[in-house]
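Heads up, there are several structures right after this.
Both complexes below contain chain A, partnered by chain B and then by chain C.
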Partner chain A sequence: MDSSNDDALDIIITNVVATFRTRCHLNLRTIALEGINVIYKPELGKVLMKLRKPKITASIWSSGKIICTGATSEDEAKLGARRLARCLQKLGFKVRFSAFKVVNVLAVCSMPFAVHLIDFTKNNRPIASYEPELHPAAMYRIKHLKATVQVFSTGSVTVTGPNVQNVATAVEQIYPLLFECRKPLCKS
Partner chain B sequence: MSRAGSSCPGCGSANIERDDLYAQTQLVCVDCGYVVAEGSLNHEPGGGSGTSDVSYRRTTSAAKKPCVNLRKGLQRVTAICRILRVTREVEDLSQTYYTRAYQHENFLNVSLEKKEVLAACSVLVSCRLHDWPITLTTISCLLDADPAAVGAVFKEMVSVLNISVPVFSITDVIEAHSQEYKISSQHVPEELAEDYRALTKRAVALVELAADAWIVSGRKHIPIMMAAIYLAWQSLKPIKQRLKFTLDKFCQIAKVNKQRPALTRIIEMKEMLCKLGKEIPWVTEAVNPSNVVQLMEDILKHRYALLRRAMRTQKALLEEEQDSGDDSVTEETAPVKIPELTEHTQSTSSGQQCEQNTERANVLGTVPELHSNTQENQDPAPNWGKRLLFAPPCVIHAKIRRVERTELKDVTGDEEISDSEIDSYIRTPREAREFALAQKTLSSSEK
Partner chain C sequence: MSSRVCRTCGGSDIDVDQARGSAVCTSCGSVLEDNIIVSEVQFVEGSGGVSSAVGQFVSADGPVKAPLLGSGFHTSVGKESRAQTLQGGKRQIQQLGSQLQLNQHCLDTAFNFFKMVVSKHLTRGRKTEHVIAACLYLVCRTEGTPHMLLDLSDLLQVNVYILGKTFLLLARELCINAPAIDPCLYIPRFAHMLEFGLKTHEVSMTALRLVQRMKRDWMHTGRRPSGLCGAALLVAARMHKFRRTVKDVIGVVKVCQTTLRKRLTEFEDTPTSQLTIDEFMRVDLEQECDPPSFIAAQHKAKMQQLEQELARKLDDVEGEISCYKDEIETELEKSRPKLRGIYAAYAKEIDPEDAEVLSTTSDPEEPEVEEDELQAAAQHLTQDFLCQVIQEEEGRGKKTDDREQEAGPDMEGVETQRQAAPLAAILGKLPSAASLGLQQTFEESETGEKPDDEQLEGGELDLDGIDDQEIDKYILNEREVQMKTELWMKQNADYLKEQKEKEERIKKEKEQGTYKEKPKKSRKKKEQMEASTAGEAIERMLEKKKISSKINYDVLRDLNSRGTGSGGGSSPSRASSDPPDINATTRKRVNRRRRKKASNANRDLAANASMMGKRVRLLISSTSKKKTSNQTENCVTMTTDTTTEEAAAEGTPDPEPYTNPTPAAPPTVLEEEEEEEDEVEEECVSALQLVGDYGCEEEEVF
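Take a look at the complex of A and B:
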């Protein structure tokens, strides 16, 4: 199914960001006073609610839009979102879980070799950009996947994309390009 | 000048001149002063009936000359180029880029500060395209601007104008940077003076060596260059006076601003030099950071040979560790977890792989296959850092990921082991030896 490269590479999803709507107006003051594990931020107009299991932080706006961050998989994000909606229901709001969408997935991956970034940038000129004085990683944007890959010289790679499948595809796509520019074994 | 075809009515002479009395044009006879003709007071200089014939478009059209700020910006670009003493082509190219960027919608309505930064960025871009070594930090120092702001404008400009800018490595920039240090014989006393060419050469060699030792990658260039130049300066004449000089004092006499991270870089470089200095065959006493500076010349001269020797020593050390290591885990995962999941275990399992493929042991970045041992909770990264001579600090002090250890808790040792699992158990070499020994003693005791 996947290429043999994937078996050796461990893609660890570190963050999944998802949004959903409650289809009703939420009174932030009520949530702040009666909710547990909440932080009210009146200057930003939102309430932060943190769930223990799954470990998720949600930003709740009065319009009913909620953004959940901190999940480690898409299913966990959905589970956390549902649990959050249930918490809000218990507080007395007529919540309806709708429009759930995973917006961003952040994953890290470690290549089994170091990468020579200057060569990598030269080979992939307009798509890859590298400014060592500004940021130590080279940035590679895959337009059709809407994914951004940051490559570090130690071989670590961080990928952000709209969903887990895109992220996995991005890693598959970038592996051969990185393999070409790997650092030589022993310099003698 | 005399007008043809008109004569003075007073004296008849043809010497009539045009003489303006304030705003009034008059034709006056030179000989007698008779005013032959005069224009109206509000006479337009361009022609008599000029006022009524100017079209609406002409009165409302904008002047075609370039805007004031653009001209000032171009002057600023020229000034920066002159300060940096770049070539004519670079100056022209930077002016072209500035004009193009200025007129782009992204930069048309920005603040004057940003436009000044844009001027500097256009100089930077053209320098880069002509392989003129200049760093972003130098440019931001020139402008006294925030390097982050300069970086942001630079990135925007490059993407907007679609220019592919080549990347500079640190060795390209170091020569230009070393010229800033005022330690030639005209600036400092003879004992402390150094020719910048010798200094650059040694600093470049040191930086190349540091690049192999993972000191350069991912770090800012200027502290590394400062550390390299300081160490090179010390080693070119390792007299007591120079060795006593701290980085602070050195920066004072060289009249450069000290960079804090340079201190850490110096320590790292000295550590690296110590590792290599140990391999020098004719050095008998112990090599430590305080006396490694004197050996630096030799180390740099024979750096490749010393690197090879150091790697071989490291490999020999590892093989010793593997032999003295305890029970090794078999390749197949046993259902009951053997509680000796120490680092030795990990190293021997990867050591077996090493023996199969000796090349991989020396790879500057191989991570052994984790997935065959799914029950292993040890992260192999710290081991990678120990296995290799030089490894990046993120690997040596690796963050151990918190993995869910539920499987470990469930294993009590009293699990049912099915017959097929028992049959599939393969003895490790040590167990096989012990078994053979036991068999022998049993058979001898039977006798």
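Take a look at the complex of A and C:
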């Protein structure tokens, strides 16, 4: 997606997390023993099932709640979730696919310049916070979008938000702020 | 006081008599003051000859304005327990601050922060320790003292990230902008700890310069300042001919060796490192560097690019090599002696065979998987053997030839023709072929039972884009399930054993009848009690459970029976009236202190209020000679006699909130000087008398 300047800024979505419910009780042991790509964790009470295409890892609880992580787009997440449900169906459970919701989207973006974090935090108090003792990035929380942006000094930016649209908006919002505190990289 | 100059005669010789409390001018004899107010401590004698001081303690941090009579009471009562919190906090701050060697000004500021935090209710749900540490760190940051969060976490033995979280939250809520940490702040402190003796200052200066240089070279953003300081100090020490090892420095600076070395190498990469010591002290290079992580990323990208280029070039070169190779092999073929026996069969296999072999493996129609597997395995093993034998006889070209024929499917032997690689490829291919075969058979068996695309009601599973065949691959067949079950059972034997034992235990207990259900976290809903009067409500509640061990319920019941007449009206009204918010918290706190279990707030309020009501009623009935009931408003005296601290704190706040919200029925509660709460309850009868006796004194005491 393009940002508000001439060059396009590539926003790469690295992870989409979604949840859905199967509305039926699942027997984890059956799934664990009859699935080819499952890890059963009885202490935690869940089963991890990994799909190859799309590359998704799902945590399955016996109550029927399932969390899908690892997808690279919202559609992929939905597809993966449906496949998972189909797989469970085939194992013999009366699965219904309900309450599918994308919960979290993680995207990475790289600015063509480095950012001076201390100036950035100074200009944007109190929304931005930077604690080098705790974390190397400055954290900028956009309340109305419910998105969090982590800015690293090299200019790479990590955005987490509830859906892809918010994430894109967050990047567009933060770009001018970062541009102010930029430091042009000396190409050596 | 105009004790300096007499009004009548202007004389300045004034005699002040403390005993009589008068000020008299000695020249003209006119009395200037009579009944001088003295500020001395007075004592009264209590029952049994015990003398106690008259007056109340007012805390320095308590209510700023004097506690007003009547309306002002609930606020000051609320602050009493608040004052306790603040007191405790202040004590902890002093303790922790002295360990950090903070001066008094810092400690006072920290205490102010703490007060703000408490007033914003941010201490709820957090350990006071953490909150105090965060306040102290906030002060350190705003004042710029060289204290790290790590120091605080060391003292408290708490994870530094937990402290950091609390600190960030407080800073955000209090809108305090803590200035960013400058590594330069830490240099003097660390230098001092490294014991450079007289030259400490010089070393510090050098280290400061180094740090500033590092800052300009973008080494400090995103890094812990202590790491930078450590590196700078190490270099500075060496520059001034002090021998400080990495170990010494990391002991002081609290980073790990790897970090320090990394910083040093990063500094090494900057152009400044090339300067000599003198040059460095004099000259400042203009050029700024990129941040080291960026440089590392660039480096990686470059390496990847190089690799790609190399791979491409390799491909080009390989083409050339392969044709040379073919030529060589044909030549060798001609010169090769004929093989006999079983080897002949294999030797005859040439390129057309390869095509066949390829086709057979790609067409996975193997009716009996196991037999094929065995065959393939046997084949490959003999090939292996063959290769070795032939190698000994002929040269390398032979080997590759054979391998090419037998290892038909693995035609990726274009690259370096080493023995290991193709064999590994052969063996590697085996399981994959097998699994492919397996999947195929499974598919076939599945086709019979494959269900139709069902549309389930509500929560339909939309099936487009889902490849059912692929999904079937995810499900194992019978035999595999068995194997997996075995494996899993073996792996998780411990866990299963535990579960079995637990079940047996539960069964046994059930038989014995001692089975205790695991306590569920969900609270049972308490049924609403219906009682016409508060008294009845209390009765019922008391029947159900005994709440406090310190309360003598029998006496309580007696009280109830006594005062049902006049108090019946007042207490329900009080119970029903909603307390103002200010009191809600204090009341709950009081309740919590009294009762061990959390119970329904309303019931508590009703019970409490009614208990208070009882007390009030008692007092009213006892002091009815002095005051009329309900209509008159009398002073409510609050004795904050803290001779017995907890009693005062606990006991005294109780009646106050209850009296105030109801202007209609302002019962006068004369607080007895309670020694103990339980004593009050138990000796209610005698307390009555006490109150009756001390009625006047209570009013005086203010």
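Simple rule for what comes next: the second predicted complex is superposed on the first by the 177 of 188 C-alpha atoms of A that agree within 3 Å, B and C clash if a C-alpha of one lies under 4 Å from a C-alpha of the other, contacts with A are read in each partner's own complex, and residues count from 1 in each chain.
Simple rule for what comes next: a contact is a pair of C-beta atoms (placed from the backbone, for glycine too) under 8 Å apart; a residue touches a chain by one contact, two chains touch by 3 or more.
Because the structure is predicted, anything quoted here is derived from the model rather than measured.
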{"item": "Simultaneous placement of chain C and chain B on chain A, clash or fit", "value": "clash"}
{"item": "Touched partner set for A:G35, first chain B, second chain C, both or neither", "value": "second"}
{"item": "Partner chain in contact with A:T69 - chain B first, chain C second, else both or neither", "value": "neither"}
{"item": "First, second, both or neither for A:I118, with chain B first and chain C second", "value": "both"}
{"item": "Partner chain in contact with A:N163 - chain B first, chain C second, else both or neither", "value": "neither"}
{"item": "Contacts of A:D10 with chain B and chain C, given as first, second, both or neither", "value": "first"}
{"item": "Partner chain(s) touched by A:L134 [first = chain B, second = chain C, both, neither]", "value": "both"}
{"item": "Partner chain(s) touched by A:P126 [first = chain B, second = chain C, both, neither]", "value": "both"}
{"item": "Which superposed partner A:F97 touches (first chain B, second chain C, both, neither)", "value": "second"}
{"item": "Partner touching more residues of chain A, whether chain B or chain C", "value": "C"}
{"item": "Contacts on chain A seen with chain B and repeated with chain C across the two complexes", "value": "114, 117-118, 121-122, 125-126, 129-134, 136-137, 152-155, 183, 185-186, 188"}
{"item": "Residues of chain B that touch chain A when the two form their complex", "value": "135-137, 147-148, 151, 154-155, 158, 162, 164, 166-169, 212, 214, 217-221, 304, 307-308, 311, 359, 362-367, 369-371, 392, 394-395, 401"}
{"item": "Residues of chain C that touch chain A when the two form their complex", "value": "148-150, 160-161, 164, 167-168, 171-172, 175, 177, 180-181, 218, 220-226, 287-291, 293-294, 297, 451, 454, 456, 458-463, 465-466, 468, 470-476, 480-481, 484-485, 488, 492, 495"}
{"item": "Chain A - residues contacting chain B, complex", "value": "7-8, 10, 12, 110-114, 117-118, 121-122, 125-126, 129-134, 136-137, 152-156, 182-183, 185-188"}
{"item": "Parts of chain A lying in touch with chain C, wherever the complex brings them together", "value": "23, 32-37, 40, 42-43, 51, 53, 79, 82-83, 85-87, 89-91, 94-98, 114, 116-118, 121-122, 125-126, 129-134, 136-137, 152-155, 183, 185-186, 188"}
